[in-house]
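Below are two complexes that have chain A in common, paired first with chain B and then with chain C.
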Partner chain A sequence: MSNENGKVLKHGTQTRTMHWIHLLAFIILGLTGVGFYWDIGGIASIFGGEANASLVHRWTGVVFVVGPLLYTLLNFDRFSRFMDTISHFSKDDFAWLKVMGGYLPFIKADDVPPQDKYNAGQKILGWLIIIGCLLIILTGFPMWLWRHSVPAVFLSFCYDVHFWTAMVLILLVAGHFFLAAIHPKSRVEFSSMMLDGYIDAEITAHHNAKWFAELKESS
Partner chain B sequence: MSTVLSEGVIHVSNDCKACDHCTFICPTGAISGELGQKHHISPKKCINCGQCLINCPFNAIHDLSRIEELKKALADPQKFVVVQEAPAVRVALGEEFGQAAGTNVKNKMYASLRKLGFDKVYDTEFTADLTIMEEGTELIHRVYGALGVPGFEEVGPLPQFTSCCPAWIKYAEDNYPLVLPHISSAKSPQQMWGAVAKTYLAEKLNVDPANMFSVSVMPCTAKKYECERPEFISSGYQDVDLVITTRELAQMIKDAGIDFMALPDEEADRFVGLSTGAATIFGATGGVMEAALRTAYEILSGESLGKVEFDAVRGLDPVREATVEVPVKALGTSLPVSVCIVTGTKHVASVIEDVLAGRSKYHFIEVMNCPGGCINGGGQPIRRDTY
Partner chain C sequence: MKLFHESEGITRRQFFKGAGMLTVAAVISGVFAKFGFDVFAASDDYITQRVAGLYTLDESMAIRKSHENPEIIQIYKDFLSPGKVECVSPKAHHLLHTKYGKDIPGFIAELKNPHHVPEVESAANEETSTEEPAA
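Right after this comes the complex of A and B.
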């Protein structure tokens, strides 16, 4: 998997495409959703008024669902591996969490335990995003399609779950962006997911030692 | 024209989350706005039933409140403030004080109203009985008229619709003016009570009707509209000055710091306080029909009913029908009286269309706007845990 430039392909084209689609959909959904909840007329105006902003929100929601769904169907093996990786927590993962991977300046971490393709923090983030997305999807569609037929108390419940889950997801994605694009120890990840999919072999050997060992073994 | 008549009773506040749930609840299409867009109620189309209000997931719809005006009247020594309460109020008010739905708290309600400062506390049940007598007798006259009995040539046509639901009345006026001759000419119990209060009662109590302030506690927001209608001045004054809902009464009791459940049980003032069980069932769908049928049966047959309940008209289906064999002593025969009960104005259009097209088989039709009747009115406590 390593190429002649000493790089490793971490994220394939379809993965990167799905990530881009989901990210853009998430930004539009978050922006319009925040506009609705806090009644910020300026946000609705960007999309041509309240009714149009709602239309954009709903159909972007469809993209938000269909994008990953299509990806999963077309790349089921890759998706299975991803799920397998984030579901497996070893002693190294717990040890990594104890020192928070050395990312936090106030936790001393001389020796960060070796990690899989995704570190323990990314595994937890993966689960939180999957659960959050499911909650948002499962509440969003009744809010749209069954708004006339469901009881008021259920509709109100859906709005609360939808909004607060979205708030948690926005904070998680903000943290994810900080670590993947800004933090000096990990910002190299950014180009891997957002551009060409490759990452330096040397960095991988350090940050994802277990996965790198697997790659070397299989090559 | 009063603000209520021109701008309506029900308004969407700025808290509207634009969820669009209410547009399906509204029986007249009075609510506009798409999903995501703040909604608006057209006072012209709105029948003030308040079903959108009690079904709004975000409590963003409100009814016009005149509680402050009532508090001023109660504090004014020049005003003689009398109050009536509808049958459906007493079995819902307790919910605001932790009682199970359906608990009858009428005796504590009377006590609380006295504590709030009302000079006399009466009960709408008395005029519900009057309504039954009026509507029952009118039905008999219409039947006689249809049968060609001399002396009944000028009566209205059959079938006869009930007239005590103000939301239904506005719906008919706005959408089916041709059906108006079919609607009973009897006033609602609230308005009968208002007229009696400022005439008969004022005279008996030796109170100047100009100083009498007549209040009603109703399960219904449309009653706020009804009391402002310009024709309801039989006493020479506005017959009912102000309407508060069950919710507003509960709020007044709480605001006054009254421990409702600790109040002693009291009775209504007896001046016009006598009533029958027929009046009590007015608050539930089929209740007016059942009460009027009992009356008509007794008048037409000259016999007391052995079994009082007409089970055929009970239930919660939106449109129910029944045929009751009524012996008519004067004609020496019995007549099958076909009745229909509509609960929810949404379901009444086809019934009206049949009447206007001459296809209707019914003689008497009860229409209540709110599903289940007044018990589920727009002024009742909002219980999110029950549905």
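Right after this comes the complex of A and C.
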């Protein structure tokens, strides 16, 4: 670890608010969706029965779309910086992926390459979540609004894509939660996104060395 | 304590990446929505034409109500409720109503042996005979 003092504002208020809204919406959507697919009456009961759970699922889907959309339009600069970061893969990112950032116990990583604001794993996760959300949104609304109009084959295709994308996203979010909140190497990230937005400069200088160098240069 | 913040504003590259991503998402969503609305409109048009076709067919029919169909009236008079038109007569009920569940084995037996009068029908006939003595 470096000997940097101070704190870094990693996630602004709007970003944290959007993350909270999206997270809560995702949990409700995941719970109700799993309840529908495997016909688990207990889950439907939490939301007031099958019919109410279905209503909750659909309207939470609207929140799931509108939340990030509003954030993107009102914080275009933050969104653009985020897209720039996750779409930029350098040699350091590929070197990070080779050792998986030192997170896996069976891959020896003596020297983890310096990373941007988001490491290579987070960049891939960012893309998977964007693509997954687009797929789940684009298949979800036809299942709700056009179910009596579109061909049955297309509707069935939407159901399959919606379900399997949801399964992948649930697994990804579970992994994201484990690394961000439980894993001893990275759980310090948790409070920066879920609470005040700040993280120790010392940790940032170690985990996100390239980004921290930019911050130091600009401040 | 020193606080580090990201600088405000974006570079040209960041702008193009942000705008590019939004454009791609908007185009994909737009194409998908266009497909959905077109299919919806086509479906709506089909339903409108189908409804119009059914109404046109119905209007061209000489007999438009089953209870005014002379053949049906005659079947009731001759067979289902002899001498009158009683649409819920026991015979009409027995022959024209669908059988479900436990009634099916008895119905199959009746079909195999049509001359045998089932208990239900016998009871119904007895009931009718007590209520409405033969004229």
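The rule we apply is simple: the second predicted complex is superposed on the first by the 214 of 219 C-alpha atoms of A that agree within 3 Å, B and C clash if a C-alpha of one lies under 4 Å from a C-alpha of the other, contacts with A are read in each partner's own complex, and residues count from 1 in each chain.
Throughout what follows, a residue touches a chain if its C-beta (ideal position, glycine included) is under 8 Å from a C-beta of that chain, and two chains touch if they have at least 3 such contacts.
Note that the coordinates shown come from a computational prediction; the quantities given were computed from them, not determined experimentally.
J.: What does the overlay on chain A give for chain B and chain C, a clash or a fit?
T.: After superposition on chain A, which the two structures share, chain B runs into chain C.
J.: Which partner reaches more residues of chain A, chain B or chain C?
T.: Counting contacted residues of chain A, the larger count belongs to C.
J.: Considering only the touch criterion stated at the top, classify A:Gln14 as touching first (chain B), second (chain C), both, or neither.
T.: Once the two structures are laid over each other on A, A:Gln14 reaches no partner at all.
J.: Output check: A:Phe79 vs chain B and chain C. Expected answer is one of first, second, both, neither. What do you get?
T.: second
J.: Examine A:Tyr159 and indicate which partner it touches, taking first as chain B and second as chain C; both and neither are also allowed.
T.: It touches chain B, and chain C stays clear.
J.: Using the superposition on chain A described above, determine whether A:Ser218 touches chain B (first), chain C (second), both, or neither.
T.: Touch partner of A:Ser218: chain C, not chain B.
J.: Just chain B (first), just chain C (second), both, or neither: which does A:Phe36 touch?
T.: first
J.: Does the superposition put A:Gly6 against chain B (first), chain C (second), both, or neither?
T.: second
J.: Figure out whether A:Ala51 sits in contact with chain B (first) or chain C (second), or with both, or with neither.
T.: After superposing on A, A:Ala51 lies in contact with chain B but is clear of chain C.
J.: Quick one: classify A:His148 as touching chain B (first), chain C (second), both or neither.
T.: After superposing on A, A:His148 lies in contact with both chain B and chain C.
J.: Tell me which stretch of chain C runs into chain B once the two are superposed: 7-15, 79-87, 97-105 or 115-123.
T.: That would be 97-105, the only stretch with clashing C-alpha atoms.
J.: By the touch definition above, which chain A residues appear in both interfaces, chain B in one complex and chain C in the other?
T.: Common interface on chain A, chain B vs chain C: 148-149, 151.
J.: Touching residues of chain A toward chain C in the complex: what are they?
T.: 5-9, 72, 76-77, 79-84, 87, 130, 134, 137-138, 141-142, 145-146, 148-151, 198, 201, 204, 212, 215-216, 218-219
J.: Which residues of chain C touch chain A in the complex?
T.: So the residues of chain C in touch with chain A come to 1-11, 13-15, 17-22, 25, 28-29, 32, 36, 39-40, 42-44.
J.: Could you list, by residue number, the parts of chain A that touch chain B in their complex?
T.: For this pair, the touching residues of chain A are 36, 39, 44, 49-51, 53-55, 57-58, 143-144, 147-149, 151-153, 155-156, 159.
J.: If you look only at chain B, which of its residues touch chain A in the complex?
T.: Residues 14, 17-21, 23-24, 34-38, 55-58, 384-385, 387 of chain B touch chain A in their complex.
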